[in-house]
Structure formats: C-alpha cells, structure tokens
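Both complexes shown next keep chain A, but they swap its partner, so chain B is in the first and chain C is in the second.
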Partner chain A sequence: MRVTQGCFSFLPDLTDEQITAQVQYCLDKGWAVNIEFTDDPHPRNTYWEMWGLPMFDLRDAAGILKELNDCRRTYGDRYIRLSGFDATHGWESLRISFIVNRPKDEPGFRLLRQEVDGRSVRYTTVSYAVDRPEGSRYE
Partner chain B sequence: MSDAAAKPPVAGETPVSSIDLRHEFDAVEIAPVLEQLDRELIGLKPVKTRIREIASLLLVERIRQKMQLATTFPTLHMSFTGNPGTGKTTVAMRMAGILHKLGFVRRGHVISVTRDDLVGQYIGHTAPKTKEILKKAMGGVLFIDEAYYLYRPENERDYGQESIEILLQIMESQREDLVVILAGYGDRMEKFFQSNPGFRSRIAHHIDFPDYNDDELLFIAEQMLRDQNYSFSAQAREAFIRYIAARRTQPLFSNARSIRNALDRIRLRQANRLVSNLDRVVTSQDLMSIESSDVLASRVFSGGADRPRTSTGTP
Partner chain C sequence: MNEQSMTVRGKDRYKSGVMEYKKMGYWEPDYVPKDTDIIALFRVTPQDGVDPVEACAAVAGESSTATWTVVWTDRLTAAEKYRAKCYRVDPVPNSPGSYFAYIAYDLDLFEPGSIANLTASIIGNVFGFKPLKALRLEDMRLPVAYVKTFQGPATGIVVERERLDKFGRPLLGATVKPKLGLSGRNYGRVVYEALKGGLDFCKDDENINSQPFMHWRDRFLYCMEAVNRAQAATGEIKGTYLNVTAATMEDMYERAELAKQLGSVIIMIDLVIGYTAIQSMAKWARRNDMILHLHRAGHSTYTRQRLHGVSFRVIAKWMRLAGVDHIHAGTVVGKLEGDPATTRGYYDICRQDFNKTTLEHGVFFDQQWASLNQMMPVASGGIHAGQMHQLLDHLGEDVVLQFGGGTIGHPKGIQAGATANRVALEAMILARNEGRDYVHEGPEILAKAAQTCTPLREALEIWKDITFNYESTDSPDFVPTATPAM
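Let's turn to the complex of A and B:
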C-alpha cells in the first residue's frame, strides 16, 4: 500500500528534476530545507530522523540534491522526505513536506479492532513493516 | 537579466544549425559587464584580455551547446595570483557576474572564504564544515582567498589536507554546479600547486595580476576620492604623486590597498585640519578639497616606514 503523506504523494514519484524544482522554490522563498528519513511509516510518526542539520543559507538546489543522494546511498531502502522550514516571524514552522524516496515494497497497514466496554470497538492501525526490528524492516 | 541569460544551456533541445552571433552576444548581456570591468578596473591589461578570452570561449561554448556540438561541460575553475591589492577579489566578484550572464553558474553569488571557514579544529570537524561551505556555494562561485594556507606541510596532522581532498572531489564531480576560484600571492600559490598537483590540473585558467604602476595608482586614488566626493587640489595631487613613489619603496606596500589606506589617513588629517579652526564658515568646497598639507604630513615623507594597519592579507 502506497503511503500518502505530505505534498505530491498522490502523484507518481517525483523525478530528480522535479525535486530540484521544488527545492529551488523553497530556497527562493528563503526556507531551510531538511532531509529526514524513517522506516516507520505510521502516519502518527511525525518526527523522523534528520539527515544532517537543516540547511540554512543555501542558494541553489544542487547542494541539497547532493545531500539527498548521499542519504539515498545510505538509507535508500527507507522513506526519505524533504521539508521546507520557514523561519520568518509568525510562521516558524514547516511550509512544505514531501516524500522523495520510498521502499521498493510497502507492505501497508493492518487494522486492529479492540472490543471494549460492551459492544464498543476501538480501531488502530499498525504497519506490517514494524513487525520487524528497526533497520531491517524493508530488506 | 533576460530569460535567455538566466536559463543554462540544456542539452536535449533540438539542435540549431546556425546562430546569429551578434544576437547571441546581445542576448546574454555580457557586453555591459565587460565594459564595466574595463571602466572601473584601472590597468590590469593582461587580466582584462584574459577575461575577454574566457568570456568569448564561454559564449562560443554556449552556442556549441545549443548546436549540440559540445559534449562536456567546460572546466571553469580559476586561480588568481598576484601581489597584495592588485584587485583579485574585485575581479572574482565580476567573474561571477560574467559566468552567471553566460549561464555557466545558475545563481551568480560569490561565497568568499579563507582557511578558517573550511578547516575544522578537531578530528571530524573539517569534512562537515567544508561540505557546508560547498553547499552554500553551489550554483555560484566559491572564492578561496589565500588558498595556500589550506596546505600546511610543516604539520602532517593538519586538517587542511582533508579539506583539500573534499574540494578536489567536488571540483571534479560537480563542475556544473560550482566554480572555484583560488586566489593568493604568486610565489606561495606556486608552492601550493607544486605540493597539490591535483589542483593545478583541475584549474583551467591561471590568471596573473600584475602590479600597478605609479600612474595607475594615482588614477585609482583619484577615482576612490571621486567616489567619496573628495578631490585633490593641484598641489595635493603633486604631493600624492611623490607619496606614491616614496611609498612604493617602503615595506608592506600593497598596491591599491595601500592607496586606500593612505587616502583614509589623508581624510583623517583633512578633517582634523578643518576642525582645528572652528571660527569660520566651511563651504562644500572646503569639505571636498584635500590640500597638500594633508598629504605631506604623512610619515612616508619623513622616511620612517609608514606602517599602515594592513595585514598582508585581504581584510
């Protein structure tokens, strides 16, 4: 099951050229671009691991693409996303976030139904991927 | 900046068989930059010639790319050598403009760094630091001033070497994204290249900046004064000609930078002269004019080495 999180996730995967254009848009807006990765695709898993520091003061997307490719070399089997952080007063938050790399095989989620208190049911989703320990989930 | 200038030449468009050279030249709007270079930079004939040559080469290269004749991206890394104050930094800034107009760098900004910005202080500090700077310079020009300080042969555990290795790697693998300009004094750069042959071979253009002669220095001084709305009186001009001749023979002479510092001190003395007599009305002419006494009070004339507060390096 294809994980759809952040911008563009209902579109086909972005090509490097398209990623470059998006990153350049972020840089032109003065946002700091971050590279994050994870192997836990649960939608509530908000805080992913960061690849290096947020990249402030860059002018051209080439530098970020280079970092992204370095990240892909190491964590090519995980989800990698780029996010643009707007530091201007009043915003101080992410303005854009999109997935740029995903595992070849995304096993999707299992729905857990917990029967509680009479006939009530609580629902929860668990990714099949997290059945395996961290680091070997998408091998 | 026109669209044509902003767009880097891309392969993959349909090849064109003929191109109007004049039109192409005008489209990249490079003539004004070159003219400005001619106008604002005094002397430096060989440098200007060389820059024109490079600009022409790049223009032709650009057309060749449009015709899909060019297969590889030209190497643009440069090295500027010359004595202190000969305009290396200034030319580097202009170079970025030229490269940008021709579409060989995408943004045209200049990141000016020295050893401190590239080399870390402890193990594992250098690589991230250098990479950080390289990332910032992507799409523009990385100007490394006094590049020979990167390499310290006397200390084999110096981290400079690590920085050099990363630089060389990026200079080779990301030629399209980044232009590196090394600058420094001639003899020391020569030594630097000897001990790092990788650099020499990766740098396509070695440009040597000659010293200014006395006339050029006077011209520079007058231009600097004009920019700040000052002017020499006739005697002051005479005195300054003698100042230049005297200053040149003294130690730590650094061409245009010495002139700039001299002018700063002259303005100081001029202000002091004006303030010393408070009971009068000053005109704008008074404020603008520099008299011979302002120049002649310099220690240069009294024979003592005028030790200006310039380090030998670029500030």
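Let's turn to the complex of A and C:
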C-alpha cells in the first residue's frame, strides 16, 4: 500500500528539485520548515520524531535540503515529512506538510473490529509495522 | 437625501394619534453610530408614492420599538436609546425606486448570544410591512461586544486541519448519489470507494434523514465501516458528514451521540432546522470534539432575489456567530447561483478575522471578528477536476471542494473518480507553489498530471466541455472604480 498522508502523496515521489521548490515557497511565505521522521505512520500518530528544531532561522532552501539528506542518511528506511509552520496570529499551525521519504515496503494497517452492543462496532487501526520493535520495523 | 432631522421633541412627540416614523425619532441623519451599535443595511423599495426617507424610518421603527400609533408608555422608558435610528439613505445605483437604508440599533436591544433574538427584531414583522413593495437585508455590522457573546465555530479551520492532519490544500469531498433510495449497505459502498480513492470526506445530502429505504442507524453503521476501512487502506483520517437533521432536538442529539460513539469526526445539520437548533448543535459539537457541517438547505428561498429577502452574506455572518464549522458558500463555476465577486465576499466573511468594506464584493461594513474561529466554506454543485485551476484561483486553499457527480459519475467507477480529483488537486497545488501561472497554465498542468494518471485523463475527457454560464440573479451594486495614482 501507499500511505497517502500529506499534500503530494498521489503524485509520483517528488524529486529533490521539486522538494527544493516547495521549501522555497515556504521560505517566501516566512514559514519555518520542519523535518520529522517516524516508523509508525498511524493516521493519529501526531508526533513524529523531530530532526532537530523547526528551522526558524535557516532561510536557505539548499541548506534545508542538506538537512533533509542528512536525515535520509540516518533514517532512510522510515517515513520522513517536511512541514511549513506559520506563527502568524490566528493560525499558529502548519500551512503545508508532505512526505519526502518512505520505507521501500509499506505494510499498511490492520483494522480491528470489536463487536459491541447491538450492531455497533469499535474500530481500531493498527500499523503492521508496530508488530516489530521500534527501530527495526522496516529492516 | 440626507437632510435634517425632523424629529418632534418634547410633549408634542407624545400627542395621541398617528405620526410619521421620520418624525418619531427613527430618522436621525446626524446620528453617529457608536462602536457598540449593531448596524443593519437594508435595501428598501417603497410602494409608489411613499417618501423614501419615511419608508426607511419605518423600517427602523418596525424593527425596533415602534408601533403604528403614538403610545404614551414610551415615556416610561429611555425611549430614545431603544429606538433604532436610520442615519443614512442612499439611492441604490442603477436601480430606480430602491434605497439603501443604514440603521443603527443599540446593543441593549438584543439578548447576548442569541441569533433567534437578533433575527426576531431585524427580520421580524418588518418584512411584511405594507408601505414597502420589497425589503432586503443586505449586510450587518456586528460590534465586537456582541460577537464576543457567541461561541463561534465549534472547531474552526485551524483545529479542523490539525485533527484531520491535512494541510496546504483544499479538502476534497463528495455527496453520495443518488441522494435518495440507496439502502444503507449500498450507500456505505459509495462512501468506501470515494474515500479509498482519495477524497477526505463524503457527505449525506440535505434530505437524507431516516426514510423507509434507509433508516439513520443503518446509514451510520455502514458509513462508519466504510470510513474506517478507508482509513486503514490509506493511512489518512477520513470522514463522512452524517446528517443528524431530524424532527426534534431529542432525535438530533440521539443521532449525534451514535455518530460520536462510532468514531465519526464530523456530523451535519441542515439550515432548515432553525437558528436555535443550530446553536444547540454547535454547543454539542464543541463539547464533543465534533466538526459541524451546515448544509444551507432552503436559503435560496430568501437569499437569491435582489429586491427581497436576506443576503447570504448576512446568513454567513449569523452562522459564524451560531457556531458551525462548514458552510456551503458557492462555487462560482458550478451549477448553482453565485457571481464571483459576491461569492468572494461570502468567503471572506467565513475566513477572515477582519473584513474590510469592499463594496464591489457586496461587503458594506468593516467587520471585526475578534478571533472568533473561522468557518470552512464548502463549494459544491456541478464542479469537476477540469476546473481545478479556476476553483483554486476563485476559492483559495481553505475550502472543501465537493465533487459529487464529478466523482461518482466517472466512467471507471467511484475510486477512479476520486483519484482523478485528488491528483488534479495535488498537481495544481504543486504547480502553484512552484510559482507557475497556474490559472493560465491550468489545462496544461492537468494534462501533464494525466500522463501518469489514467483516471484523470478519462475525467478530463468526459467533462471537458461542461460549464454553467448563466447570468447571476444576485451581483454587487457597485463596480470597482479606478483610484487615481497619488
């Protein structure tokens, strides 16, 4: 399967050149770019690990791409996403978020159904990846 | 038009009998509205032979304290404070016989936090007043002191995006079709296919409640099976607007509770349930972490004609106060009424924290929203993937684009239809962010994306000539005038 979170998951994987253009868009808007990675892409796993702090002061797309490539060297077998954070009053949240790296094989999710009162069902989504211990999920 | 006050003062003012409204204190051309006043702008079309100022003063009177004759009991009150004051009357451009009346109301006339109370005054008796041929409420200025007495949207655009983990692009939806007749099991199939194919939301139509062909519990159970299956298949949060509209509040609460229990992120109500019921559901939604979608069913009966009724921009303002998260606000390019400039005004009212007076968009007042949450506008009705560049240009990023027919009518099925829409959208966002002139290059951007996406290619082919170009029945009265360069 293919996890389709983020802004561009339905397009072919972005090239470094395309990623740089999106980063430049964020910088032009005055947003802070953030790199995060995870080995559990559960749709409600909000807090991916941060590759350092959001880059509030790095205003150079090439520099950000270098950070991304450093992150890829260490965590190339995991999901990595880039996001742009807008601290403007009234928003103070992400303005864009997109996946820039995926494990070679994406195992996806198991849907558990607990049949309860009447015909109601309690649903639980579980990443197959978490069947294995953290850190060795895509080996 | 804006001559002097004619108000009769002192003991003559209270002599028994009938007195013109403009002499009773409802026409005060020197009045300067206070920051805390509510201001209403009416389009007044008097009957032939009725003096326009008298007609406008009558609107002020009949929407506040007046009755048809002088009453001595006014003297038991601070009557001058409670009288609404028409302070300005302008002829409507290019519309002989109609006048814009600006009327100020003291804040004490209104109960805090109640749309029902506000509307009972402002659009109460006055709309049936015989000396008027027609009356339309065009816009309102709501003072911050009043705005702050409302909860506002239960969730708001920012938190909705955070909960759904979707940023940087419009959300995609589809209304399940056919709107009537599907069984719960078949209905859920449409939801699953559309969500798995790439949409974020599906939607019940306004008249899907609990009918013989599908009772509400059945719909909810099958829809949530579909939502959860699609979530597991894509790793994305998905939702379907479960319409909880019903005959009584008790029924609506019961339906909303089941939606919550089953894990739905969103429920839906129709405008026809009424202002009080909407406010009740907004409070329920805030308490229960639920996004609240409003379908504006019925609004065209009073918003569409220029001479009589209530402008949709006013309904949008009331709904933002009342606290819904989503509101249908027009598509510009689709099958339903909506001139681009007027629609732009509606979208600004939904999404900005401060609306600047923009007459060419039909926005007559500066409006401060004082950090009240933003409403997500929804564009629905006759739109398709081939219009993606125009939709993004007209409607922006914080909007739900609903492709019902444009998803379900795809020749290769619902999943393919959904994928076509999602790919078209992502390609357009990518191009826009890259700095391309996406409005003009839109067709090429779509064609390029279609090279690696067969469903998009098929969608572009089948709907390539579909447009809805009819003249609008409600467009702004003012056209932009060039300002000389300083």
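One rule holds in what follows: the second predicted complex is superposed on the first by the 137 of 139 C-alpha atoms of A that agree within 3 Å, B and C clash if a C-alpha of one lies under 4 Å from a C-alpha of the other, contacts with A are read in each partner's own complex, and residues count from 1 in each chain.
The rule is short, and it goes like this: a contact is a pair of C-beta atoms (placed from the backbone, for glycine too) under 8 Å apart; a residue touches a chain by one contact, two chains touch by 3 or more.
Fair warning: this is a prediction, and the values are worked out from it, not measured in the lab.
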Is this a clash or a fit when chain B and chain C both end up on chain A? fit
Contact-wise, after the overlay, does A:Ser83 reach chain B, chain C, both or neither (first, second, both, neither)? second
So, A:Arg59: does it touch chain B (first), chain C (second), both, or neither? first
Once both structures sit on top of one another, what is the angle chain B-chain A-chain C taken between CA centres, to the nearest 10 degrees? 100
Please work out whether A:Leu68 is in contact with chain B alone, chain C alone, both, or neither, and reply first, second, both or neither. neither
So in the superposed three-chain picture, is A:Ser97 touching just chain B, just chain C, both, or none of them (first/second/both/neither)? second
Would you check which partner chain A:Val33 touches, where first means chain B only, second means chain C only, and both and neither mean what they say? neither
Smallest separation in Å between any Cα of chain B and any Cα of chain C in the superposed model? 13
Is there a shared patch on chain A that both chain B and chain C touch, and which residues make it up? none
Of chain A, residues touching chain B in the complex: 52, 55, 57-64, 66-67
Of chain A, residues touching chain C in the complex: 1, 3-5, 7-12, 14, 18, 21-22, 25, 41-44, 46, 83-84, 90-98, 108-111, 119-123, 125
Residues on chain B engaged by chain A in the complex (per definition of touch): 106-107, 109, 128, 134-136, 138-140, 174, 176-178
Contact set on chain C toward chain A in their complex: 158, 161-162, 165, 167-169, 198, 217, 221, 224-225, 228-229, 231-237, 258, 261-263, 353, 371, 374, 419, 422-423, 426-427, 429-430, 433-435, 449, 452-453
